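One structure coming up, written as structure tokens, with questions to follow.
Which chain is which? They are A, B and C, in the order written, and residues in each are numbered from 1.
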Amino acid sequence: MSIHVGNAETARPFPDAARAALDDAQLRTNVRNATNIIQAKRNNMTAELADWEALRNAAHAIKTHTLRYLDVYLEQFEANVTREGGKVHWAADADEANQIIARIIADRGGKEVIKVKTMTSNEVRLNECLEAQGITPIETDLADLIVQLGNQDPSHIVVPALHINRTQIRDIFRSKLPLHELGIEDLTDDPSQLAEAARLYLRHKFLTVDIGISGANFAVADTGAIVLVESEGNGRMCLTLPDVLITLVGIEKIVPTFRDLEVFLQALPRSATGERMNPYNSIWTGIAPGDGPTEFHVVLLDNGRTDVLANGEGREALNCIRCGACLNVCPVYHQTGGHAYGSVYQGPIGAIITPQLQSLEHSRTLPFASSLCGACYDVCPVKINIPEILIYLRGQIIRENQRTVAGKFDLENMAMQAMALVFASSGVMTTAEAIAKLAQNSFVHDGVIDSLPAILSGWTNSRDLMPIPEQSFRQWWSQRRKEQ
Amino acid sequence: MISDSRSAILSRIRAANKLAATAEREREYGAVARDYRIQGSLNDADRLHLFDERIRHYNGTPFYSTGDIKSDIAAILARRSKHTLVIPAEFPSDWLPEECHFIRDENLTKQQLDGVDGVLTTCTLAIALTGTIVVESSSAQGRRAATLIPDYHLCVVRQSDIVELVPEAIRRLERIKHRPLTFISGPSATVDIEMTRVRGVHGPRTLDILLI
Amino acid sequence: MRVSLFITCYNDLLFPETGVAVVKVLERLGHTVLFRSAQTCCGQMHYNTGYQRETVALVRKFVEIFSDDEIIVSPSSSCVAMIRDHFEKVAVLAEEPALLAKVKEIIPRVYEFTELLVNKFGVENVGGYYPHRVTYHPSCHGLRMLRLGDTPVRLLRKVSGIDLVDLSNATECCGFGGTFAIKNAETSAAMLEDKVRCVLDTGAQVCTAGDNSCLMHIYGALHRQKLPVKTLHIAQILASTGEEPAK
């Protein structure tokens, strides 16, 4: 089995990656500005709906139900796509998905493919695989184009170039686009001009390239339809103009019926970009004679999703509709940006889905990359209880650690076992309090603790700690009782 | 190979769910609580007003018919200086003003579509709350490429086809749910550059609505 | 009424004055406070860090110690959230149905301090006097898990002499997060920086909250940067009078 989530298995531990990100003041500013804007829009758009909570409840219930009967709905979806002239492929892991897609392209003798943004393709590392086989994938989403030309990694699941400001984009375009051939001189950093440059560059590709690759926001079981939610129109270009269309979709994207779209087409745009509706939604089923591709393939992807499904309360992570609202509200993400998570899936959802897709073999620091503030749960349109799942995953990781010798004797475990003993009885706790009061003396300077040893030094690097008071509460209480 | 993965994936799903033989999928699906709004409450005038407001919010432009659709269309196209437009194969001929040149889309190539000034269509329905028009792939409303490649789209919308809410639209669309459908909410836009909504990336950069 | 105080492990050791203030306010309102000295800890730190098995004994202990008490109060929303949201899960994890039953039975009797005053006792004016400019930071557990809403603010508004100013970005986490502050120290400190900036922007002399964990964190930066703003638990402001002002 070759499951991978982008390059997560070689990513740095979150604390290390975060440290590097925190030093980048421009990044922090870019992230903060962008997330402030989206958050405000999202809050307005959800506050104006009196039935927003009812929509969230329905969305959650539909997803929970679908996962319970996922096999039935996938089979139903497959039958309908096939009946409508499409071909369904099943990919157990990333490598298989890439092989299937590469083979379809090779069979056509294709050298270039136009792509609509799909995080799933980043997850399986499709572009790398295609390039290795001499096929050029051309990203057509403005942000993905920017990220691709700038040789960077996406930092947000909805707005992947969020960490790049307009001036940086201008610089990337100036160095990588054939501006002169496109008739553009003196490109400024005005967003309209930047968008126009991208438009001209990509238009030629849209009108000439024969093979398109897309993802899917939703896959409808009762009709075999795919739903693509987008803003720019490049999605529509890629799914109607080429002769061959390949759609890569995670198995969890299934919804039971066409009617269910009435919930998700409200929940997604309001949560993702803070709009009542995004500019373009495309719904298509198989082949439409005389309109669009003559060959349509759906690649259903597992790549660890069935492991998540089997992971107790962790399965709720599969409700995700990739809106990014949790990233936008996360106080940790605000500080570190997306790259620190070392995954194509970042922020709160990234912290729970990335390790689970990899059966907790990698990305084990991600579940700890949270203060458990709960802001993500409040904004999640499908009500994923992210804090609870973070705690659940922490439990799984710690228990696994404790079964190893190294884990049993690591500092944190020993400290936690010691604390558990302290709390086991008030007698022990009182003694421990007395010891702490004595022990602190070497750390108290000028009435405050300003340096602590070992792992605790993380606190005192930037923060003081008040010293332990003379009398604990229980000592005060028993003294008062004596006096009464 | 492929069918091996298929059965492997399906059996992993079943193992993860461990459902009792008595599990009732359809009943459980029917039991999903749908307490959100499925019925609009606005009267015709207010609904039209809302649609007008929302179309404008996303930079579409509504026009109101004088009753003479042919001259309405002529006036709008003159205003926009559009002379050569693509129309769906079965667009009503008596709506077409003589002043302009209309090409019926009978398998035009992408390059031909790229060469016209714009496209003129009708639509299946419109959603007031979100400022959305829904176009179905049909001979009456055209192929999808036709409302995509040209830079200008003029869409004729019947006021009686405007619903207030998204669920109302979806439920009306259920009868054609196997057809390709495109939901259009304003001209093309992006928010990828510092979250600033910028117009005109791909797809028509100008969207006009004629309400009849 | 008889109110049994669950002081919490960290308040017992580091913030005894908060406990003293709770006692003062409740007695002022005519209630009798009970302190069961066998109490230790609710287990939140262990539970949230992933050491869930280690909390079983603590849950058993809590339930046993407080089993006879009609009203149990704690000046810590994070501990009350642990009890409300996680005690049942611990009992299930322990596979002890008897414990689960006892947990279910005790949960409705546990109150966070401001909840107790406003929701149970129906009081907003508890006779406090504190003539200073104060800003209130809603801790995440109180805000999102306990859904305290404006309960604490309603109490603060009735404190005589108080000048209450709004905190901007109030609902954003201060960055403490328990062991998060150690395991992800720099990120935690960066979050704290933003919180402190908002506190300073209010011009307040005092930052208050219902959780000393947040306040300990905020104090940590304020004191290190030698800023003149103090931190004080809400109970201590409510307890403060002219004769015995909060320190």
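Methods note: a residue touches a chain if its C-beta (ideal position, glycine included) is under 8 Å from a C-beta of that chain, and two chains touch if they have at least 3 such contacts.
What you are looking at is a predicted structure, and each value in this text was computed from that prediction instead of being measured.
Comparing the centres of all chains, each the average of its CA atoms, the largest separation from subunit B belongs to C. Chain nearest the geometric middle of the protein is A, using mean C-alpha positions. Centroids built from CA atoms put subunit C at 33 Å from subunit A. Centre-to-centre spacing of subunit B and subunit C amounts to 53 Å, using the average Cα coordinate of each chain.
One finds 29 Å separating the Cα centroids of subunit A and subunit B. Residues of subunit B that touch subunit A in their complex: 1-3, 5-6, 8-10, 12-17, 19, 23, 25, 28-29, 32-38, 54, 58, 107, 110-111, 114, 127, 129-132, 137, 143-145, 148-149, 166-167, 169-171, 173-174, 177-196, 198-203. On the side of subunit C, the complex with subunit A involves touching residues 7, 9, 11-17, 19-20, 35, 37-41, 43, 45-54, 57-58, 61, 140-141, 143-145, 171-173, 175-192, 194, 216-217, 219-221, 223-224.
For subunit A in complex with subunit C, the residues that touch the partner chain are 14-15, 18-19, 22, 28, 331-332, 334-336, 367-375, 377-378, 391, 394-399, 412, 416-417, 419-420, 422-426, 429, 433, 436, 448, 450, 455-456, 458-459, 461-466, 468-469, 471-478. Residue ranges of subunit A in contact with subunit B, taken from their complex: 30, 33-34, 37-38, 50-51, 54-55, 57-58, 61-62, 65, 67-72, 74-75, 84, 89-92, 96, 100, 140-143, 146, 159, 161-162, 165-166, 169, 191-192, 194-196, 198-199, 202-203, 206-207, 223, 225, 231-234, 236-237, 240-241, 251, 256, 258-259, 261-263, 265-266, 273, 275-285, 288, 290-292, 300, 302, 306-307, 309-310, 315.
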